[in-house]
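Presented sequentially are two complexes of subunit A, the first with subunit B as partner and the second with subunit C.
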Partner chain A sequence: MRMKSIFRHETILFLVVIAALVILSIQAEQFATIDNLLNQGRFLTEVSLVALIMTFVIVTGGIDLSVGSILGLSAIVLGVAWKKLGLPLPLAILVALSVGTLAGLFNGIIITRFKVPPLIATLATLALYRGLAEGISQARSIRGYPEWFFVLGQGEFFGIPTQLWIVAFFTLLTGFILTYTTWGRATYAIGANETAARFSGIAVDKTKLFIYAASGFAASLAAIIFVSRVSTTRSDMGMGLELDAITAVVLGGTSIFGGKGTIVGTFFGLILIQILKNGLSLAGVKSDGTYIAIGLVLILTLLISNLFNRNSEG
Partner chain B sequence: MNNQYENNNKFFSRFLINYGQELVLLASIIILFVVVSQVNHRFLGGNNLNTIFAGNAYIGVAAIGMSILIITGNIDVSVGALIGVLATICGTLAVSGYPIWVAWTAPILVGIAVNSLVGIIVAYAGIPSIVVTLGMMSILRGGLISVTGGDWITDMPEGFFLAQQDFMGIRVPLLALIFFTILMFYIMSNTTWGRSLYAIGGNPEAARTSGIDLKKGVVIAFAVHGMFVGLSTILFATQLNIIQSTVPPNLELTVITASVIGGVSIMGGTGTVIGSSLATILFAAIGSSLIFIGVSAYWLRAIMGILILCTVLADMARRRRVVT
Partner chain C sequence: MAKFLMEKINRDVTLKIKNATKSFAGVTVLNNVSFDLYRGEVHSLLGENGAGKSTLIKILSGVHKPDQGKVILENKEFVFNSPKEAFKNGIATVYQELLVFPELTVAENIFLGHTPKTKIGLIDWKKIKADSRKILDSLDSHDLDVNARVGSLSVANRQRVEIAKALSQKTKVLIMDEPTAALADTDVKKLITVVKRLREQGVSILYVSHKMPEIFELSDKVSVLRDGNHVGTFNIKDVSEDLLVSKMVGRPVDKLYPISKGKFGKPILEVNNFTDGLRFKQVSFKLKRGEILGIAGVVGSGRSELAQSIFGIKPSKGGSIKIDEKEVSIKKPKDARNLGIAYIPEDRGTQGLVKEMKISHNVSMANLDREANGILIIFKKEMQNAINAIKKLGIRARNALQLVRQLSGGNQQKVVIAKWLQTEPRILIMDEPTRGIDVGAKSEIHQLMRNLADEGLAILMISSELPEVLGMSDRVLVMNNGTITKEFSKEHATPENVGSIMTQKVKETA
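After this line comes the complex of A and B, so read on.
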């Protein structure tokens, strides 16, 4: 019964994606070209990586508002470790990834050990991590990365943008974990009924710690790809990313109350947002108009989906 | 004797349970003032305090509405975008020659209308408020830029700048914050409607069986929140001689943080507007005092983050002790 309703939401979403693709390719000739679509994939990468793990976070009934700030902090750590501390770039990348993961782990500790609701805990660290990024960088940008580093964000691999391979890998990996492994089932169990999960022997706190740390890791990986794509590091990178990621996850049918949601849904949610952004701008709608469209699509999709679900239950 | 002591003790512990967070905030504000004024004597100069409080009062007024919403178990992440839109409406009406009272009333009415719509979607379609307001934020933000094109509004008529005026030596925004805080505190603790808000957030099932119309209650809470967003906008739009087409980044999070640090539980059902207003004042004072004791402006946000975190952890510790 529940599987059916999940399926239904994703079907609706899939139809909306197809409809958007058809309408937009009629409206704008440049839209449905391979080059354009692949290029759009580049812009999709950072928010995708974050949104995939955000799906896990929200399925446990939590939320992570600090991902945008972790992205900013990791980007600054990368730049400072490389340029100011003189570390070799690969090592600086490792340091940035570790800092991001630690930042996520710190969120997890506040949430599990001190029982602070995730919304509040990550609201506080949102300010803290962004503040650290500003303080460390003193609001100065860092440029001049070596040529090889740009392969990640601007290069291609078998004719497809490098970062798309990374996104594809993580989509399959997270989809597999959430659907087929004990960890994935534990994630659903925690979101559906945390007390019951605890009594049935699931290591609730450990699972949550791991998920928040993974969220931090995803944000820092996104930071590195972001820096490589735009060739510069700034402390305001990733501002507002959390809301974009949450929008994609929720649009994909994940319940904000936890216990329900899929990676496939998030994947469609991400694609729908990006083709709307790109297609509408190609069709001559100003970039501000696309925000309006995304907001409307978010509310309307959920409205329609709720109506269908209510009917099927009633 | 003994009995009276026990009564006193009971009264005291109940006072602590009910107003613990407010007391912590008040104590923090006083300690902060004492310490910073020792380091820099100009901090307590009347003009400085007036500037700090008046410049941030609009956040406090919005936080009153936000607290009402959170107490019913809902949230509004679109408040920053809405203040931007309402400020533009307010300024545009003023420069197009409408009477000033029309320019001041419009944001309140539009605020009520927009949030009532959100409330109806939340209550009757059963979509969580965080999701609906997330969508609304996107719509409002996009709408704002496409209408204004990023232009600032200037040349408002004389008499428009309510927030710059003084009344008995105190700036109007601060007076407004104090007035609305006391008013809402009274209404929420002493009227049937006020108590029903706590019931809706604390235990919806019990509220329903005791005859409260949950759906109507949520819509009204959103409408009242919309009114406060409108009032907040008037203070925001009239404090400077220009109205920019942007609001401070993450304004919605600042407002939510003020409510939550003020002791409003994000699970709903508890908290007071006095707490959220005190939290707003504390944040404003911290921000200003850091500058007065010579901390680099780039570290401000990090220090604020640490302080928010400490307040949250202290609050969790206090709540656990009170409960057990």
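After this line comes the complex of A and C, so read on.
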């Protein structure tokens, strides 16, 4: 199954990415420069971190719509803990990460304990967490972070943006977990048939709790990098991020019904969306045109992939 | 007069299947199959899982198109493009998995897709309800409320709704795919009456079942398929059960149950006053090493709930479980597994297997954490275990990487068993171990159970098939309405004794 899908959806996606790279390089001179591509990597970081864990969430058959709001909430908590409460910045970062993780855990508890469908549970907390962020921030942005903090979002290591190292680390880590560990297997089993997983002694609820908490953690980590990149904290940060992340995951071939999906796919999905956004705008396409292009690519890729993957009966 | 008419009618061919051939992905699943279905006859279709019955049914009901061959309905050749088209032309199908809509009422379900309209084009509710009532009455289902939500009905009643739906249009051919697989004995009897009544009304019935007694009770003719080929069509009067089985399997089958050595060890599982406060109460029994203890009871007697509470899937409210004379606490399936209990659930499709996964992944599922290196899956070991299981249990599959959904029912059940044997259990609970499985695989599973017991495994077997309970068990407990009402030793467990206790003061089913 895994081998097969690498030959199928992920391959198709890879070819589409290559095609997009070639076409965009021809259309826009500035596109295929190292500087531009690395810079695009910076923009890609926040949504990537969220999308990697979102892959796990969707593979279990769930969804997490609250990640954008968790990002906003964590960013505000970071700013407030540092500036208003006077905590040292490293401690404030820890507080922000904990709040994000707890917010994700809370999603998991609503979903597993009270059997609320993930779509509804996280739709509710999407509003709840955003409301909290706005309430705490009082619509004021927070600035003036110390210079060392910008290393995360604006600095580089060995010529490559700092956050890209972080993304690379988490991509490898999540890909490894999903493919090679019992946790990954449990994730697939839950998504493909939750009852059978439970009857097989798999700790279904515990696994889900962990995944939603990880999703919250990823969103708060994204928040910290985001704040570092733009040097400021605002309560509307990360609005709509959930849709970008879900789009990338689904474009990557993860079934919205659960049970199927890979980190490799999500990775290509993320890259494809970002190069389309950037390349098209460099080629002079307006933003509405870019959105249309992204929508079309999503539909086309899934159509082509379905064509090749249509299951024969037997 | 009536008799004369019947005989005349009987000679009319309603449906002709001519040289039907179908293959999927290069594998021929139906090869040049032809036979005739006469008006007002019950024609049984026999064959092991994978013999091509489902494919044939799907061709007749418009789900698949044949690669070659013809379907001739009343002298007119048809190629159905959709199930709806087949239905409109008078071929209705009642599938094993019922396709009713649980949120709709009985009447709404019956007329879904062809609702009668009033003059101004609104739905004619009066007519829908009246006609539904009429159809249900004709099926002897006077007690079924047309306004009831279908989701609230028993399986047997839901099936009656499906049959009523099939009859809500002028139906010439009714295809029934294992209609009794999920029914309790009393409901089977009712269904048989219904089918006989339909035959009297001139409907031709193509009846698929694994259960020999009902095939002999119902059928006029029987056609046997094996590996996609039509082995033959027989008048039911001219054949014996043994002959049919050997035609199906292609070899003589040992129909007898494997013999118990009658040697048991110490009690390993002791259940005392076990209660869930709802579906079963004050249940006590002991299970010995090497013993097969059968629990007989109708569907709804609390058997499965009891098993699932022992296994930690459903909560219990009182009583105790002892293993090796030590009281244990089981809160979740993993606790049970760690104590050496395995549970083969009654519904392999939803509870037993992840059908979209490979055989190897299913086989390892219950034991993966123990076989892993920390959290790392050892793929080599997983693969080797799967290959060994395929060999040991005789699972017929291309290889260990095949998706479970592509296997036949019997082989799927073997995968579930393999999964739990992987945990090296000492106590094996089997809930309906051979439901919906063909005779060949059934006798293999029975032999396997006896071999495991001889190796010292303690087996608790739940079954609604009385012959299976009586044939396999060393001791029989009868469960009725949530309590164990009687225990029989092997010698005293006769069909009459056990059957009468099983159905005593049965709750009303409607």
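Details
By definition in this document, the second predicted complex is superposed on the first by the 304 of 314 C-alpha atoms of A that agree within 3 Å, B and C clash if a C-alpha of one lies under 4 Å from a C-alpha of the other, contacts with A are read in each partner's own complex, and residues count from 1 in each chain.
In the analysis below, a contact is a pair of C-beta atoms (placed from the backbone, for glycine too) under 8 Å apart; a residue touches a chain by one contact, two chains touch by 3 or more.
Keep in mind that what you see is a predicted model, and the values were worked out from it rather than measured.
In the superposition on chain A, contact of A:Y180 is made with subunit C only, not with subunit B.
When the two structures are aligned on the shared chain, A:L303 is found in touch with subunit B, with no touch to subunit C. Once the two complexes are laid over each other on the shared chain, residue contacts for A:Y188 go to subunit C alone; subunit B is not touched. After overlaying the two complexes on the shared chain, residue contacts for A:V22 are found with neither subunit B nor subunit C. Touch criterion met: A:A127 reaches subunit B, while subunit C stays clear of it. Comparing subunit C and subunit B on the residues of subunit A they touch gives the larger count to B. When both complexes are overlaid on chain A, the residue A:R198 reaches subunit C alone and has no touch with subunit B. With both structures placed on the common chain, the touch criterion links A:F257 to subunit B but leaves subunit C unconnected.
Once both structures are placed on chain A, no subunit A residue is touched by subunit B and, in the other complex, by subunit C. If you check the complex, the residues on subunit C that touch subunit A are 24-25, 27, 29, 64, 313, 332-334, 336-337, 343, 345, 350-358, 361, 365-366, 368-369, 372, 375-377, 401, 403, 406, 419. Looking at the complex, you find that subunit A touches subunit B at residues 65, 110, 114-117, 119-121, 123-132, 134-135, 137-139, 239, 243, 246-247, 250, 256-257, 286, 288-296, 298-299, 302-303, 306-307, 310. The touching residues of subunit A, when paired with subunit C in their complex, are 1, 180-183, 185, 188-189, 192-193, 195-203, 259-260, 312-314. For subunit B in complex with subunit A, the touching residues are 77, 121, 125-128, 130-132, 134-146, 249-250, 253, 256-257, 260, 266-267, 296, 298-306, 308-309, 312-313, 316, 320.
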